[in-house]
Amino acid sequence: MRGLLVGRFQPFHLGHLAIVSEIRAAHPTEPLLLGIGSAQISYTPENPFTASERMEMILLALEEAGLGGTIPVPLLDIDRHALWVPYVASLLPRFERVYTSNPLTRTLFEASGYEVVDVPWTNRAEWEGTRIRRSLATGTDWRGAVPPAVGRYLESLGAPARLRLLGEAPRPPGGGSGPLP
Amino acid sequence: MRGLLVGRFQPFHLGHLAIVSEIRAAHPTEPLLLGIGSAQISYTPENPFTASERMEMILLALEEAGLGGTIPVPLLDIDRHALWVPYVASLLPRFERVYTSNPLTRTLFEASGYEVVDVPWTNRAEWEGTRIRRSLATGTDWRGAVPPAVGRYLESLGAPARLRLLGEAPRPPGGGSGPLP
Amino acid sequence: MRGLLVGRFQPFHLGHLAIVSEIRAAHPTEPLLLGIGSAQISYTPENPFTASERMEMILLALEEAGLGGTIPVPLLDIDRHALWVPYVASLLPRFERVYTSNPLTRTLFEASGYEVVDVPWTNRAEWEGTRIRRSLATGTDWRGAVPPAVGRYLESLGAPARLRLLGEAPRPPGGGSGPLP
Amino acid sequence: MRGLLVGRFQPFHLGHLAIVSEIRAAHPTEPLLLGIGSAQISYTPENPFTASERMEMILLALEEAGLGGTIPVPLLDIDRHALWVPYVASLLPRFERVYTSNPLTRTLFEASGYEVVDVPWTNRAEWEGTRIRRSLATGTDWRGAVPPAVGRYLESLGAPARLRLLGEAPRPPGGGSGPLP
Amino acid sequence: MRGLLVGRFQPFHLGHLAIVSEIRAAHPTEPLLLGIGSAQISYTPENPFTASERMEMILLALEEAGLGGTIPVPLLDIDRHALWVPYVASLLPRFERVYTSNPLTRTLFEASGYEVVDVPWTNRAEWEGTRIRRSLATGTDWRGAVPPAVGRYLESLGAPARLRLLGEAPRPPGGGSGPLP
Amino acid sequence: MRGLLVGRFQPFHLGHLAIVSEIRAAHPTEPLLLGIGSAQISYTPENPFTASERMEMILLALEEAGLGGTIPVPLLDIDRHALWVPYVASLLPRFERVYTSNPLTRTLFEASGYEVVDVPWTNRAEWEGTRIRRSLATGTDWRGAVPPAVGRYLESLGAPARLRLLGEAPRPPGGGSGPLP
């Protein structure tokens, strides 16, 4: 039996790590798939990091925490809710249990016969993606909300400068096409 | 000669039925194509129902009303206004007359040489998609705005619960990908 | 050596012409590529004109101004920032220098090793796309912000009526699909 | 309960008509969906007719034969076998029974829980798509293999000349892009 | 008035140059659009060069020949014959005359009301794409079939080695995905 | 430092396992990414298994062999050779070394600055995908060419029957659309 946890991981933070840790402790012999949603989106205020960078964060954080038994997989969007569950099932190895706190995700997977388990967030006031992205952009403290290895990696990427730039710049048309509307 | 009426039919309501009925009465020997727009979108607050469910509603309502001579066809979006008319024409059997009250739709079809006729809405204050979706979500009366057969079908789908859920849930990233931003 | 200037050119106005003129004067032997971004979008309030119409405006304006040495190319969006630079490079003839005032465009091209030069806007208060589109829609003066040949062309297209219509009409679902939400 | 029969209908011939007739006779109260596969392909030797033209043929043939109770629907390809059944189910109104003589189609639908019934071909030696397309191209008799109304329609399209042209012409690159390889 | 000549230009050779030269001489005041078909395909035996490289060849050859008045534009495939003409028309500036020797291209453009003119090939036995690609792969003489500037450019790309490699290598699955079938 | 090995793994056989084993032994501290190419294709004679099934095979085989340190990732095709390397790099965590025996894959990665290492096949006469798929279809021995766990899994899938069916059935049009050409 395997489980699936889907997120965007923009970035991978201590809230994610706590959930993975808890699930692994509860089911030590069941591999956990980590689906990296919206894998094709990057360099936007809501999705600043590429799938490659998010894979990197996850691998760094799990190694640092000594957590094995997870399988991270990037998932490109298909933008069709009615096909999303069979699409995911066609790419990932078989899984039976889905962890989510989103009611639509719950509905779609339950309608396809999966067991759905509520995700127990920890310290949600501070370990939360939107808040961390805002902190990166504004320069207030964000290091305390991510695993140390992720913190070092984000520094090496110049993440604070990237978030600042994405917050200020008008969205260029055309997937980055430019400046001259 | 055939006519075309394009809508999203989210859901198919008494306003749609009145229009179809009026067109059929005015042109009893001319089949009417019903193009179901944005067929690939579902499970969003503005587009809660799949194309399959919308096809079902249309078939139920027309049978209940004893209205024949219509041909419902799902139309996937192509998101290119400049190609939309030839795209539709490449999928549907030949039609000459388009019913619409949207000025852009009128412009695009007229530019391609089609006859465009204004759609005469009836009781627009109550028979209107946005209003009906809101009523479904809030639990205020919506049964009076849809044909009885559509009402029963929407109940069987659990439509009120679905609309409530879609209104409350944050849009999951990745076409339904999940809960962990 | 060649340069690249990317814009949406909705429409091509005097600000664009001034930039092209200045770049050509500074580098008279270097051809300048004009990438027409979001080429697939048209008939929206922000992107009213087709790529075909924008190509036409550019050719008319450059001929009127006696400006040679430019190569206009429509660029369809791919909506993936992380692939946008190699995508553009796979379609355009080799270029080394990119003109932009958008910080994200700068970041993406610099990360791929291109020289990036800031675009010197002229008379930005009046020669600016959003403002010109609004003037077209409201009937206030817009002729003074575009080259004369573009002005005549926009009149021949019925551009003021089109902008007015796009501002008023609800966006039809389905890439132009219609009137019956 | 409804049935589904999927074909490309290139063109719709007497074999198709016999099958539809037989299914309708066996289940007179059950509507039959006619899925028009590969709807986006046309002007190739194997797929000479557009979805629009195939819809037209089906409507003409069924009206001529006095066969009601069918619902023709164009189906664009998605080119992913593993998602094909849920894709079709998301577009068509609910159906429970699938008619097919293709073993893969049988396998895919059975794996999703549908009842699959073998299609009883009639006079397969003459009423067969490949053979009819070849006859159209070579000028040997094809009228005897299609319903009279389809025959007249194919003549009005200039179908024999089109098939001859498609057989002779090298496939233009780029979906019709041209002559200069 | 403008003309359109569509080709894949794999590579741009003396046959292409002769055609362009002849059209320009016949209509010296009419710009000629050069549509580069299948722009997204490269590194295959039939389509060895990227759109970028083909743009480069065209610019080099036309400059060398002193031929002005042409506008080269890359055209990504859409793989739908029934939409190809409106697709091309939505991207290119207005044109009225199409040069082609492909009967399907002729049919599609004529059906949309364009004037179509037959392309007068010169020395077709030697100046022909398939033959030149084979010569590049096998090391027999190809320099005599392309303009001198294109010849130098192809050498600088290592074109003979690329063609040899593409002829020998099994097509990697997945758009270049690899070696382990 | 990490390595990348891309294959289709249709199915994952002893040749793949030997390569992974050898690479892991040579670089025990470097994780190895396994890119599963053409992830979206399944149920064809050349690509019989879904990405999900191939992920399953890889996990089973590596666990059975006690091989850790690998990261399998499904890769959807983009069908553009010129963008394939940046596409892969945008999805996978950073890697520096690519293992391949395909000369085009080598060329594309080397052009982007990657170190490319030749893959040392073992017992290529028997451990080879095409040969194994043929054996599955014809019922000759294939168990000896795959890891025992993969053999049991293939039996549980009914792989021999699937390959036989795919070899016999005409390819249904429309990504599985059906039986009635």
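Note that the chains take the letters A, B, C, D, E and F in the order they are written out, and that residue 1 is the start of every chain.
To be clear about the criterion, a residue touches a chain if its C-beta (ideal position, glycine included) is under 8 Å from a C-beta of that chain, and two chains touch if they have at least 3 such contacts.
Note that the coordinates shown come from a computational prediction; the quantities given were computed from them, not determined experimentally.
*Asks:* Under the document's definition of touching, what chains do subunit A and subunit F have as common neighbours?
*Replies:* Touching subunit A as well as subunit F, we find C, D.
*Asks:* From subunit A, count the fewest steps through touching chains until subunit E is reached.
*Replies:* So the least number of steps between the two chains is 2.
*Asks:* Same or different: at the subunit B/subunit E interface, is the fraction of residue numbers used by both copies above or below half?
*Replies:* Since more than half of the residue numbers are used by both chains, the interface counts as same.
*Asks:* More contacting C-beta pairs: C-E or D-E?
*Replies:* D-E
*Asks:* Quick one: subunit B and subunit F, Cα centre-to-centre, how many Å?
*Replies:* Going by mean C-alpha positions, subunit B sits 44 Å from subunit F.
*Asks:* Could you state the distance in Å from the CA-based centre of subunit B to that of subunit C?
*Replies:* 35
*Asks:* Which subunit A residues touch at least two other chains?
*Replies:* Expected reply: 39, 42, 50, 52, 80, 82, 90.
*Asks:* Go ahead and list every pair of chains that touch.
*Replies:* The complete list of chain pairs in contact reads A-B, A-C, A-D, A-F, B-C, B-D, B-E, C-E, C-F, D-E, D-F, E-F.
*Asks:* Which subunit E residues qualify as touching subunit B in the complex?
*Replies:* Those in contact with subunit B are residues 80, 82-83, 86-87, 90.
*Asks:* Can you name the residues of subunit A that touch subunit F in the complex?
*Replies:* 31, 39, 42, 50-52, 55-56, 59, 71-74, 76, 89-94
*Asks:* What residues of subunit C sit close enough to touch subunit A in their complex?
*Replies:* 5-10, 15-16, 19, 35, 37-39, 46-47, 75, 77-85, 100-105, 107-108, 119, 128-130
*Asks:* Give every residue of subunit C touching subunit B within the complex, in rising order.
*Replies:* Going through subunit C, the ones touching subunit B are 40-44, 50, 52, 162, 165-166, 168-170, 172-181.
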